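Next come two complexes built around subunit A: one with subunit B, the other with subunit C.
So, the complex of A and B:
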């Protein structure tokens, strides 16, 4: 029986990259079919396939790392680079929407009334719920740091407590933002103001939900004793992602809610 | 240059918080959570609630059929295609006016 003479992880063949690619194809073409032919079936199949792919691929990574020991220090370093590069790509994704917002708002066209906010748009008060949302996300940044230090110090109970608080705060943000969406006096169809507002904050909200799920998975894994005080990269990746989500909100708050009001 | 004792203590505490080998790091962030973060959220909750009470007498803006708002170049792919996803009949007018008469 041959053993590897190196510290790297030669991953076993897996079907998940293929199912993931097929899911991406079905979701995107399904979206177009929904828009033009009013049938949701292709999009639904794509979504189901995507969820199945995500669950099984990440389950396999947990098996390879936590249970089979393949995540040696060099492998973990590669995973760190990967997460950093992914978050960097997300930064560029949001940069585009901020570009659109500043393009429209720094030189408002005559069609809008030559002003920002455009004529007829009544903006949300930045000192009401948006300020609360800011406090909620900043607080969750404190609690997730508490969770990390607890984990590093081997304090299992505090890690679970602080991680739970982080997730609750994230959930509270989502609920508050959903209420704001329903109560807002403007919609996504209200010209470039509505478009930039809802697309930028909407994608941000989606990332809050994704980050919350990531943290919840970490909470489940922490309860099931997957993490050690010296090795808990899954949690670190979730915490990095969460801080990124928080920073994007701060930019949204200052640019769109505050300066743009 | 003399540094105040308080500054020295704060500097030591923050240094402890950032080293991963010192177990006291978690305690610092636990204190920050309950002394700073949670109270700040509570204050903002109270503030938002009070501000909301202030204008619960909802004077919604008069409807003006501006051409640059309520754009309907393509129908929404749900319902009658004329309502946004988070449409609120009280607050959101359709292209031809509000749906509800009161307020």
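So, the complex of A and C:
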């Protein structure tokens, strides 16, 4: 068997980029078919295909890194660049929704009553559940850092404990936010206030769920001894993502919940 | 002699327990051996039969889904006559 004379990773041919692309096609066309022909089948197939693609693609990456040793330092550097660029693109995604919020709220139109919050909108008290949510996410930032230091120090038990606490806090945030959504005195259809509020916080909540799942996968991998004290990039990527989610919340809290109330 | 027997009992108990725990605990070495086997299989099929099954199911869904979406888009583009 020929051995490569370089430290880079020449991946095996893989079907997952194709299945992922088809899944995206099926989900988007399926959305349109659902809107116009009231059938959810295409969208459902697309979603299942997307989940299968994600599972198998990421499973393969774990195999390539942890079991085959392909994630050498130069390869890991590339993975770090990749994650940073991805998170940067997500920052721009949220930037758009903040732009919409500030556009509407800095110069409120006569239709809103010329004021912000608009006439007739009863905002949520920023010192109640939203403040608790802020504390919960900040605490989870502490626990995920604790997990990282435990991992670097080779303390397996503490890493598992603090990572578990981080996931529990993320779950707690999601439950609290879901309760807020149900009890809110306004809906997404209540003008530009409702639209900016629910789209911005809604996408944030989705990212909390994604981040929680990413951390949970890392917990499973930590339990299975995949990580070493010197090499645990999957966890670092999850921690970066989690800090990003926390920072977005801080901006949401200050802008929409506090200044916007 | 009794002390030797006792020592042997303790030793066997310790060895068995710790090796059993090790097997249940850290399976990374076995996985590394499996995925570094020189059998020419690509990474997405190298885990065994389960890999082939789930991969085939995924491809089947991909092919069926592609056909279905083309069908749906074609019928959506042609309005039904009243």
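The criterion applied here is as follows: the second predicted complex is superposed on the first by the 261 of 261 C-alpha atoms of A that agree within 3 Å, B and C clash if a C-alpha of one lies under 4 Å from a C-alpha of the other, contacts with A are read in each partner's own complex, and residues count from 1 in each chain.
The definition used in the following text is that a residue touches a chain if its C-beta (ideal position, glycine included) is under 8 Å from a C-beta of that chain, and two chains touch if they have at least 3 such contacts.
This is a predicted model, so every value here is computed, not measured.
Novice: What is the contact status of A:119 with respect to subunit B (first) and subunit C (second): first, second, both, or neither?
Specialist: first
Novice: Applying the touch criterion given at the start, work out whether A:132 contacts subunit B, subunit C, both or neither, answering first, second, both or neither.
Specialist: A:132 contacts subunit B only, not subunit C.
Novice: So in the superposed three-chain picture, is A:111 touching just subunit B, just subunit C, both, or none of them (first/second/both/neither)?
Specialist: After superposition on chain A, A:111 lies in contact with subunit B alone.
Novice: After lining up the shared chain so the two structures overlap, which partner does A:183 touch, if you call subunit B first and subunit C second: first, second, both or neither?
Specialist: Touch status of A:183: first partner only.
Novice: Looking at the overlay, does A:48 come into contact with subunit B only (first), subunit C only (second), both, or neither?
Specialist: Once the two structures are laid over each other on A, A:48 reaches subunit C alone.
Novice: Taking the superposition as given, does A:26 touch the first partner, subunit B, the second, subunit C, both, or neither?
Specialist: Touch partner of A:26: subunit C, not subunit B.
Novice: Would you mind checking which one, subunit B or subunit C, touches more residues on subunit A?
Specialist: B
Novice: A:171 contacts which: subunit B (first), subunit C (second), both, neither?
Specialist: After superposition on chain A, A:171 lies in contact with neither partner.
Novice: With both complexes overlaid on chain A, does A:15 touch subunit B (first), subunit C (second), both or neither?
Specialist: second
Novice: Just checking: does A:102 make contact with subunit B only, subunit C only, both, or neither of them? Give me first, second, both or neither.
Specialist: A:102 contacts neither subunit B nor subunit C.
Novice: Could you tell me which stretches of subunit A are touched by subunit B in one complex and by subunit C in the other?
Specialist: Shared contact residues on subunit A (touching subunit B in one complex, subunit C in the other): none at all.
Novice: Write out the stretch or stretches of subunit C touching subunit A in their complex.
Specialist: 25-28, 31-32, 34-36, 38, 42-44, 46-47, 54-55, 57-59, 61-62, 64-66, 68-69, 72-73, 76
Novice: Of all residues in subunit B, which touch subunit A in the complex?
Specialist: Touch residues, subunit B against subunit A: 17, 20, 23, 25-26, 28-30, 32-33, 36-38, 40-41, 43-45, 47-48, 51-52, 60-61, 64, 66-72, 74, 77, 84-88, 91-92.
Novice: Please give the residue numbers of subunit A that touch subunit C in the complex, ascending.
Specialist: So the residues of subunit A touching subunit C come out as 1, 11-16, 18-19, 22-23, 25-26, 29-30, 32-33, 36-37, 41-42, 45-46, 48-49, 52-53, 56, 60, 63-64, 66-69, 224-226.
Novice: Residue numbers of subunit A touching subunit B in their complex, please.
Specialist: Residue positions touching the partner: 34-35, 38, 111-113, 118-122, 125, 127-129, 131-132, 134-136, 138-139, 142-143, 145-146, 149-150, 152-155, 158, 162, 165, 169, 181-191, 194.
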